[in-house]
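Sending over a structure as structure tokens; questions will come in a sec.
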Amino acid sequence: MLKTTLLHPGILGALGRSGHGSQVLIADGNYPFTTGSPSAAEKVFLNLSPGKVSVTDVLAALVESIPIEAATVMVPPDGAQQQILAELRALLPAGLELTSLKRHEFYDLARSPNTALVVATGEQRRFANLLLTIGVVRAVGDRSSTGAASAQSASSFRG
Amino acid sequence: MLKTTLLHPGILGALGRSGHGSQVLIADGNYPFTTGSPSAAEKVFLNLSPGKVSVTDVLAALVESIPIEAATVMVPPDGAQQQILAELRALLPAGLELTSLKRHEFYDLARSPNTALVVATGEQRRFANLLLTIGVVRAVGDRSSTGAASAQSASSFRG
Amino acid sequence: MLKTTLLHPGILGALGRSGHGSQVLIADGNYPFTTGSPSAAEKVFLNLSPGKVSVTDVLAALVESIPIEAATVMVPPDGAQQQILAELRALLPAGLELTSLKRHEFYDLARSPNTALVVATGEQRRFANLLLTIGVVRAVGDRSSTGAASAQSASSFRG
Amino acid sequence: MLKTTLLHPGILGALGRSGHGSQVLIADGNYPFTTGSPSAAEKVFLNLSPGKVSVTDVLAALVESIPIEAATVMVPPDGAQQQILAELRALLPAGLELTSLKRHEFYDLARSPNTALVVATGEQRRFANLLLTIGVVRAVGDRSSTGAASAQSASSFRG
Amino acid sequence: MLKTTLLHPGILGALGRSGHGSQVLIADGNYPFTTGSPSAAEKVFLNLSPGKVSVTDVLAALVESIPIEAATVMVPPDGAQQQILAELRALLPAGLELTSLKRHEFYDLARSPNTALVVATGEQRRFANLLLTIGVVRAVGDRSSTGAASAQSASSFRG
Amino acid sequence: MLKTTLLHPGILGALGRSGHGSQVLIADGNYPFTTGSPSAAEKVFLNLSPGKVSVTDVLAALVESIPIEAATVMVPPDGAQQQILAELRALLPAGLELTSLKRHEFYDLARSPNTALVVATGEQRRFANLLLTIGVVRAVGDRSSTGAASAQSASSFRG
Amino acid sequence: MLKTTLLHPGILGALGRSGHGSQVLIADGNYPFTTGSPSAAEKVFLNLSPGKVSVTDVLAALVESIPIEAATVMVPPDGAQQQILAELRALLPAGLELTSLKRHEFYDLARSPNTALVVATGEQRRFANLLLTIGVVRAVGDRSSTGAASAQSASSFRG
Amino acid sequence: MLKTTLLHPGILGALGRSGHGSQVLIADGNYPFTTGSPSAAEKVFLNLSPGKVSVTDVLAALVESIPIEAATVMVPPDGAQQQILAELRALLPAGLELTSLKRHEFYDLARSPNTALVVATGEQRRFANLLLTIGVVRAVGDRSSTGAASAQSASSFRG
Amino acid sequence: MLKTTLLHPGILGALGRSGHGSQVLIADGNYPFTTGSPSAAEKVFLNLSPGKVSVTDVLAALVESIPIEAATVMVPPDGAQQQILAELRALLPAGLELTSLKRHEFYDLARSPNTALVVATGEQRRFANLLLTIGVVRAVGDRSSTGAASAQSASSFRG
Amino acid sequence: MLKTTLLHPGILGALGRSGHGSQVLIADGNYPFTTGSPSAAEKVFLNLSPGKVSVTDVLAALVESIPIEAATVMVPPDGAQQQILAELRALLPAGLELTSLKRHEFYDLARSPNTALVVATGEQRRFANLLLTIGVVRAVGDRSSTGAASAQSASSFRG
């Protein structure tokens, strides 16, 4: 057993093959995991049963392990706020803006060849899908500028 | 042996990897199973012998296991009603409308990348193909609106 | 998304290929998942992070889906009771006896060719591994005798 | 769609790669399909749902397609007659003797490297497994003697 | 050994996965088997030696097993009649019209995604390629109309 | 198309990976092709239909292409001569002795790890299996002694 | 060991799956073997060491085994004659014209889906790549016309 | 890029599939990586060039990520101390005893089915192979006894 | 262990399948290794831990083994000079010009089908990716002109 | 194209995965390449045509790239000296003793799990097989003793 927060061999492997700009989809239980993502993306199935595991379980395990440059959520058709939103904000890096996309625009982005990993959950809340874009890990003392990366995506190395 | 109504490892696996908007084709015995569907779709062959298993056998096994948002049938060239139609209606959720498509339009829809699963049967009746679109499972008490989903596609969790 | 209690495509697939006498290992986070089981067994990794998912999460999802004829646990070297034991008993069918084996005897049984499925968890409690033996599903009204199967392993069909 | 009685691509393929002395297991719904057979055997899953398809459905589809030299059934522990027995006899070639083996002896035979094909069914009747040994197809006019083959296993070519 | 006219596991498997509108190419010994057909098509190599097996050997084995809706041949550049033509006509269903295409038009049709099976022969006669389109098998008593299917493509079930 | 007598890609490939002491099984239509040979052996299926191709068709195509050091046939239980024997002798190198083995001894030899290639035929004659052992190709002028090889197994290079 | 001039299992296999119009690339040691050819083409690596094997070694082994309808070489940017040219002409069928293409036009042709086989050599001479197009093998006595094939591409069968 | 000390997708994946008692071989540049380990073990090649990476590079990356219960080194035939020994001791957990085995005994242990991962290095120092046995990760507050595990193998969770 | 400077089996294999015009990407630790390169490219993961191995480690191992015709680096958005630049220049062949591309133009070039190999490093310096284009190896005494190749890309054979 | 003496991707890859004690078989044209070696060994086919390539071609390419600790040849049944012997001695490191084994003892050694690589040649000379055992590469200045390795197997690093 690894001594890290993140233990899953498939997730660790996919993240170790990814980098700046690669996307990670944490999908709720109703997401079309295979038909709604590129075939080249690694699929990890954690949808054990309704509610287990949740999207927030996965986000909590990931958030310490990778820098996050951007995050996108799927907006309900009536424009109402997603039930899961406050929990996502609490877990994501402070100050990171969430982009909201309508259902089919979200699918289009999730199906882009940049998606490297799809984590399927049993999340029961509706519109709880979260698409993360990986940022940059900086060595301590690195001050180089990054055009696209906002301050919160450039994490110092955690050693 | 599982204690559920649906026992087939290939069908269960494909459905567990699918979700809202994924399509399931239950194909009659004359359907071109491989050349008439996307190569990425899971193919399950239940075409043991003429009449075994039938399209209705498969639908009966599936209908309790997944929410169904839409259903499409192939219409005979003379516009006559398909022999299997009444049986399909009796098995499908009450109130679900069936869309009818001509042979080549039906093929086009079945070949879309949304098709996740093709179940080949030995059904002898003509024009007995059925293309299902998976809907949404809602947790008990969930009242969120869904633009595309009709009332009958949103099933409460069966536990 | 399936409407059943058990959603995982890999677990559902492996159970649909198993039967009377096949073994299912629900392994705690410290178990040697690959070197402690036969290579032919299906491996499902649900070890997201420490404590997620737990062995009891998996048992709760499985217990309604398969008949259980026997259950074996790994006993600590000092003979103390496993911390997880009461929770396991509460979830398992009433009256089912748990067999206790020492660490290496447990490994030997888990490595037998009868093991069809290994579910890796992030369970942090020690000695929390559980090895289930699948029993028999009986059709309603079936009264045939079964030598090896105790009463609680013969479940009537749940339809 | 083929014009023959037997339509299944996997069964047809496996039979076309088999011959005299190869074994075919038609397994009831409780059989341990993968752990109770050799890994090299072709596995065909027709266990759609409880009772569909039945062992007799499969036997009816096979019996016209291959010569059968021997047949073995699994005997209940109390020595009672299997519920399915009369139906099996009615379908098998007249005069073919059925060998009865106890559960674990049956498993041993089914796991022999001679087993080329396992057909998994949803058969609900208990002790309904059937293990067939393929015989010899003779050309019309062939009178050569066959040591092991009884009269009913030597079928003339059906053209 | 199967008791049917068609014994080949690869051909039987490919036909069992095909249906109405799928194409079968029986290629002469000079045909570019792999570069002249889609990669997804099943390739069966029966090109043992010059003349063995012939295109007519394969057609004779297939013609009883599948309904044939259409047949296409490759026409020599000088418009002369193919040496094999009379034999093909004698084997094909009475009344079925043969379409003639020039070399590169024939290649284009053979490379369409509808081609499910390529059977490579050692046929020495020139321009002896034959591209079949599978028709429909009707159950006895079925009178439904079929727009595209001519009379000879609708074969009654041969049981 | 190759200009050689032997055209089959699978047979040519397997022979090109074989050598002195490797065995080639030309199996009649009733032979258990997969369960009666090692899994590592290349399997080539030429069993198109009853009688096509025959064991002698295959032998005729092979005999010019490889040196043959030994040949073994399966003897009928009544000790009668195999119907195919004279034809085999006529095709094999003059003076090569044929070893006769009973059915199960023949199977044991065919299942040895020395078997590199199994060619399945549709041969209808009984007891028509032929197991060849590959000999040595000598360069012109090579006079080195070979312990195991008889005169007829040492062929001069055919250029 | 085969008794033919061409021994290589990979080359023999690829040629046995090719035919009229398929292309064979014999590449010099500096050719980009994988990025300069279609992924579906069989790759055979004979680039043991500088100069071994040479392009002419491969051509000498191939020229007796397949009919050659066309041949293309890569021309140096200064229009100078390739060092290898005279040797290629001496080995190729008398009268066959060589087409010369510039580097990137040659790449485009080599990357066409008609390329079935790439043989990588250790050839040190520059601009020594040779792209062959396979012609037609005619049975003795065949007089049919062939539009595209020149006289030298129609070889009589070599038995 | 992950934010952890260990970045390699193959090592992370193999460790996430391992557990208590699984072995990890960090092999020096002269070790027979494939023939000296079980085929089922994951092989990770980090042998870029002589000296890069070193065995100590790999140990430094691993030591924070997994609990180590035991460590074994290969002893030179003259019984001299390995040049790398002091560096290994400095990196390994304080108090962990190193077992020394002769070359062929070391090979035997490394080839055991418990070896889950082989990391090949370019380490130039002789007899620098290191075989680690993974221990147990304990949750904070866990006081259960472990027979085989010494104090230093039971690490508290690092979070 | 090989006696050469470059030891890695995956890098050696990929280079042995490449040639003039093939591209090799040495990627820093933040590069999106899989989503930022073609799926057909060989991926070699040397990203053991932050800083190990570095891009310069890989370049030093490669530079003696292949001719380099061109080199491209990724330029920071503020146009500042990359921290690694001087080290790259010192290792690359004297006189070779480095082309600078902006982030997304660099990605486009790295994703071209000419990229044969991606070496993932743990390089921590930002904008340290290096894309090499392989040149031509000339035999001693070869004086042929090469249009695209500059002087430094034409290396004499190193024996 | 690599600038090294050894260019072959398959040989380089297999050697990069091998080490001290791994065996390399350079097989003459009559050797049973697949049935006379372990299935796990990498097979490289360089048997283009009779005489090309020769065993000495391969040895010349290998001898500079790996340390050789031992060499074994196959002895003719009459005890005569192999025709190739003098050439082998001239290429092998000075002072290395050649062990001679009879045909079947040689096969037994070649089939040992230590054989990592089989290079198939078109060598026409009889009894020209050579089995090499890889030795140890020592860093400059390394003076550690090696029990099994003779002086000539310990090569200093060639840089």
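Residue numbering begins at 1 within each chain, and the chains themselves are lettered A, B, C, D, E, F, G, H, I and J in the order written.
Simple rule for what comes next: a residue touches a chain if its C-beta (ideal position, glycine included) is under 8 Å from a C-beta of that chain, and two chains touch if they have at least 3 such contacts.
None of the values given here were measured: they were computed from a predicted structure.
Touching subunit E and subunit H together: no chain.
Contacts with subunit B and subunit F are shared by D, E.
Note that among the pairs H-I, A-I or D-F, H-I reproduces the G-J interface, with over half of its contact pairs the same by residue number.
Averaged Cα coordinates give subunit F a centre that lies 31 Å from the centre of subunit J. Multi-chain contact residues of subunit D (touching two or more other chains) are listed as 1, 5, 7-10, 16-20, 29-30, 45, 47, 50, 134, 136-137, 157, 159. Pairwise chain contacts present here: A-B, A-C, A-H, A-I, B-C, B-D, B-E, C-D, C-H, D-E, D-F, E-F, E-G, F-G, F-J, G-I, G-J, H-I, H-J, I-J [touch as defined].
Within the complex, the subunit E residues that touch subunit G are 27, 29-36, 39, 43, 45, 47, 50-51, 76-78, 80, 83, 103, 107, 120, 124-127. For subunit E in complex with subunit F, the residues that touch the partner chain are 1, 5-11, 29-30, 44-50, 52-53, 57-58, 60-61, 122.
By the touch criterion stated above, subunit E contacts subunit D in their complex at residues 1-5, 7-10, 12-17, 19-20, 64-67, 134, 136-137, 155, 157-159. Of all residues in subunit A, those touching subunit I in their complex are 16-23, 40, 113-116, 134, 136-139, 142, 144-148, 157, 159.
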